[in-house]
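Labels A, B, C, D, E and F are assigned to the chains in the order they are written; within every chain, residues are numbered from 1.
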Amino acid sequence: MKSDETLFALLSRASTASLTAVLLQHGISRAFMYGVAPLPHSRPRVVGRAFTMRSVAVREDILATDRQRPPEVNLQRRAAEECPPGHVLVIDCRGNASGASGGLILFERMRMRGCAGVVSDGGVRDAHDIVATKFPVYAKAVCPPNSLVAHRFVDLQVPITCGEVAVYPGDIIVGDPDGVVVVPAALGEVVAEEAAMIEEKEEFILRKIRSGASIFGTYPLSGDALREFETTRKRS
Amino acid sequence: MKSDETLFALLSRASTASLTAVLLQHGISRAFMYGVAPLPHSRPRVVGRAFTMRSVAVREDILATDRQRPPEVNLQRRAAEECPPGHVLVIDCRGNASGASGGLILFERMRMRGCAGVVSDGGVRDAHDIVATKFPVYAKAVCPPNSLVAHRFVDLQVPITCGEVAVYPGDIIVGDPDGVVVVPAALGEVVAEEAAMIEEKEEFILRKIRSGASIFGTYPLSGDALREFETTRKRS
Amino acid sequence: MKSDETLFALLSRASTASLTAVLLQHGISRAFMYGVAPLPHSRPRVVGRAFTMRSVAVREDILATDRQRPPEVNLQRRAAEECPPGHVLVIDCRGNASGASGGLILFERMRMRGCAGVVSDGGVRDAHDIVATKFPVYAKAVCPPNSLVAHRFVDLQVPITCGEVAVYPGDIIVGDPDGVVVVPAALGEVVAEEAAMIEEKEEFILRKIRSGASIFGTYPLSGDALREFETTRKRS
Amino acid sequence: MKSDETLFALLSRASTASLTAVLLQHGISRAFMYGVAPLPHSRPRVVGRAFTMRSVAVREDILATDRQRPPEVNLQRRAAEECPPGHVLVIDCRGNASGASGGLILFERMRMRGCAGVVSDGGVRDAHDIVATKFPVYAKAVCPPNSLVAHRFVDLQVPITCGEVAVYPGDIIVGDPDGVVVVPAALGEVVAEEAAMIEEKEEFILRKIRSGASIFGTYPLSGDALREFETTRKRS
Amino acid sequence: MKSDETLFALLSRASTASLTAVLLQHGISRAFMYGVAPLPHSRPRVVGRAFTMRSVAVREDILATDRQRPPEVNLQRRAAEECPPGHVLVIDCRGNASGASGGLILFERMRMRGCAGVVSDGGVRDAHDIVATKFPVYAKAVCPPNSLVAHRFVDLQVPITCGEVAVYPGDIIVGDPDGVVVVPAALGEVVAEEAAMIEEKEEFILRKIRSGASIFGTYPLSGDALREFETTRKRS
Amino acid sequence: MKSDETLFALLSRASTASLTAVLLQHGISRAFMYGVAPLPHSRPRVVGRAFTMRSVAVREDILATDRQRPPEVNLQRRAAEECPPGHVLVIDCRGNASGASGGLILFERMRMRGCAGVVSDGGVRDAHDIVATKFPVYAKAVCPPNSLVAHRFVDLQVPITCGEVAVYPGDIIVGDPDGVVVVPAALGEVVAEEAAMIEEKEEFILRKIRSGASIFGTYPLSGDALREFETTRKRS
């Protein structure tokens, strides 16, 4: 079995387009997070294991109680301190972006601690400043109002839904400038290898297309073009 | 402290309109479930403590594994057997009604067991047949396709969100033909009493209005009308 | 010029389908209120001149000030007292149904005063009880929470938008079980007459269709069928 | 192979819930039309082969040209005359209900001609009057404004999408009070048989549940309960 | 009649704002594609005749059959080979962006063949890489999952709807960084000329405004300013 | 009381995130405009008093009358001439972006006159060209079609709703690249001061976090870190 380092190196070269194609071949059609995008003016890339956080809707009576508890039990803060280096914090905001799920200070702490990035189907505040730090963040919307107008975080490391996709702790999160894909933990290795193969094949196809080849025979590869690809591969 | 029986008797005479008004006076603005309605052609009423069930999005690899597990671990079935008599099963479907969260057979079992009703922000199948049984059911939409096209149920009796409202196990669910309100457990008694007072006052106001009184002086009650109401109350 | 009584008698026999067709022939395509429907389990009919009320979003600082003002300046209450008999109160809630725009007591006062009905693109509370009174009410949704969670009413009798349609004070509102149409005041008479003609023609067409006639030649009327219709009309 | 009569008799006893379950077992998850519902205050049932009609968005220059063409080339009228007896007219309105896709006169002609019903993902005008005729109609919304404010019909009997589901001419449309399911033509017989089996089994299960049986062992049937069911079946 | 080259040169200097204004003067209000935008981080411009492709929803039984057919009959591939040089491929995805309508390889082939661009009301995969090629692409959303999770393409060169606008083969598509407008084929020349006139006039107006002129008298041009504009024009 | 110049200098250093946090502490949760964003490819900043404009839906009969009136009574033009220097024109388009609420020429006139910017919950045309002028504009969407396909402007300087937030003439509008916040006029000074304090504190916290401090003890500041911050402040 590959180490995470090797695995992630492979996955970081795969596009979210290739990854969803491979996952579909393994019967998984629900892997791309709809409505979860890079912050404006950013083109992030991220690979890492999922560290999950779950929310429910805020309610004023519970909020009043929460406010009397010490900051140490606040799950947003705990997530910023406990999400392991190399991991991606994935936040289930129930697709509700009327409140933020985090902002510059929490994410800077995560960046300092070596976390890989943040993915949320809620809002993110301080978006403009976060983009300047180059920390990879994907969200449903920019939302300056803070989390407590909408969310109460109730669990770390449980199964969640983010962007209409199920995420289990330890799943592999891969983001590129086009969005975020969840790769089930058990499929990481085979998906990484098959996606690498797709990337290799598509680069070959692109070269052919750019030298004037027709789609037919080239995409998908068949006949002479397929043989040429296979010969080229063997040599390398 | 009132018994649940006394409390529920009081609450069942309060409309969801009065309950949201009382809750707002206690600082709680997020109590009414938006988008969760009686099944078509029904006008249900329900009062009971919340028994909660949580879902995440379905994912094909997890579904394949689940299918090999015995029916006894399925949470929808466990909910139908474990939701206590007099309780309302409240199902968090993440507002997604593309799959059902239950149907006639499960709900008939619950009705047999003395459960009070079901509230879901997902779909419900067999809706037409369920309405015929008079079992109180509120949902986001009628949806014949079953749950596994959209949902995997992962927890019983945890805090959830339903219809954009937080529901904690043991909260009191009150439904009338206009919809569903969540009364926090700790506020049940005071809310029940104040709502009963509102109902009494509004019946008095309605009688005045129906005898030709102006809104001014009557709604809200003031001056002579208020004195008349207070006198009437003392006598009864 | 026809009296309102004569005009409304004519309009009350026209369906919203015929009225939108006539208005389109006069170049008006924006007359039907989208998303504004009869309350559940009701099939209202209404005709009357529009008395308008406008809202803006609620804001907590303004709300605090409003609460210290006497009930007499509250526009919802004033509308209930000032909307003239035979008129329809049309409420602009900006399409936002997260708060009510009225409820049983206000509408009962309007019914007592001889108002014709209420049309709102916001919520309505006490919907189930209002339907029992037979007072014609159309709204975007049933919504028990009261108006102040969402709306502040700021003007009476100004131009508004309701259900994405412009309504000017004095326009004629016609509602049937299928929805609500706004007839511009200046067009009332011609629209009423042409709609009556359409109704007459369509009843004739329906009789032909129900005796087995083909759509072709009958709808639209032409040739023999048209001559028969014209002959029949002359006789009556 | 069964005749349509036999097949439809079988299918008319199956609920849309059972049909989607059977179709899912055959790998088809996209069979239920989302957002397409019975007209208000109706509980229709329908079974029949699909006769399809396709629309594109209206455009004023094309509309002007169309208006100069004879009524006989209008596809809505042709559909009303050409949809065969026993067939269901399925109308692709691109999910746009801002204009009607039909009304009372066209549908009365279809009823006279023995058509089985109409299914549309657009609007329907004269809804209240259509319900009175008992002709089965499903649509996205009630919409008095006529089709030409939104739609131009361009094809009969081509593959279409209705309610987000693909419909090919000749597919079997089954509607009950809960909605509409598309059964692919080639699967009609096997789906009908398996759905009948499900109905039979669920009636047995319901009887058990209503006599106090637990969900476990009964739903799904296993052990003694399964043997009892199989014995009962053999006897009948 | 102008050649396409001359016509397109003229149209490429007109903004989509001017074009919609001119089309409205010709009675056409439905020309701008709502919800169809440049890919992120791009500011494309395109002019060309429409080559259209139509989709229906995917269905698993049909998909299984399609997979056994040779790649040559696949309409996405055929479109990439058959869309003539200088033409814009306009794809009707029914406004559904849950699956892609194309990606880098197909679009690179089109770019090689001299096609002008692509406009789709569905998703586009490989968006980040496509933007790098400078090929003009407009879509509803970035969507890595490929077309077969949502779409089956069924027709080339038929009337379609894209972005809620009707597009007929041969219509002229004009895109600028603000979006896409459809110019009906028969109106191409007159619209091009009138839009050029508007551009000229607005440049003159802008110069006046930027030298301190008031809106009144300048926009719209009247009195002295209008005479100055007309004098200037004659001289040039 | 501070002059507007001093006040705006202070507010221009506060982020929308800090401002919403301060406003929430003053009980105001509805201050951030949802769905109102910088034009594409821009990162505007703006501070100024609100000058408001209100619209209703367009209706063809009213439009015909308006067209015969002189340009001087057109409220869009009047707004461009009457919005005072340093003020922000805030346009209530009822959240409808199917028509523009302004374009390059009107906004250039406003820029020449020293207006601070424009905020609209409708569309904006000529967006690409406006961004080039650096004039700060926030809107719901880019929309080339002009205002009269959707809007009729009916009032200047009345209370409006924009982006679901109430705006009263004279309120202070603060926009940064993340969006727009409304600061009630009466709260301007206290909000400006408290937001400045938050900015100062958060800069201190960020420096600590970037030197490796934990979230706990730092965010919120407490213990030693709080003392250090207070000492630092006193010195400066």
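Criterion: contacts are C-beta pairs under 8 Å (C-beta built on N, C-alpha and C of every residue); 3 or more make two chains touch, one makes a residue touch a chain.
All figures in this text were calculated on a predicted structure; none of them were measured in a lab.
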Task: Interface numbering overlap (same over half, different under half) for subunit A and subunit E - done: different
Open item on the list: Out of D-E, A-B or A-E, find the interface that copies E-F, where copy means more than half of the contact pairs are identical.
Closed with: A-E
Task: Averaged-CA centre spacing for the pair subunit F and subunit D, given as whole angstrom - done: 49
Task: subunit C and subunit F, separation of their C-alpha mean positions in angstrom - done: 36
Task: Geometric centre distance via CA averages, subunit C-subunit B, whole Å - done: 32
Open item on the list: Can you pull out the residues of subunit D that are in contact with at least two other chains?
Closed with: 29, 31
- [ ] Within their complex, state which residues of subunit B touch subunit C.
- [x] 15-17, 19-21, 24, 29, 31-32, 34, 37-38, 43, 176-179, 181, 202, 205-206, 209-210, 212, 214-216, 219-220, 222
Open item on the list: Which residues of subunit D touch subunit C once you look at their complex with the stated criterion?
Closed with: 40-41, 71-72, 77, 80-81, 98, 100, 103-106, 108-109, 112, 125-129, 142-146, 148-149
Task: Contact footprint of subunit A on subunit B as seen in their complex - done: 26-31, 55-62, 64, 94-96, 152, 154-155, 158-161, 164-166, 168, 184, 186-187
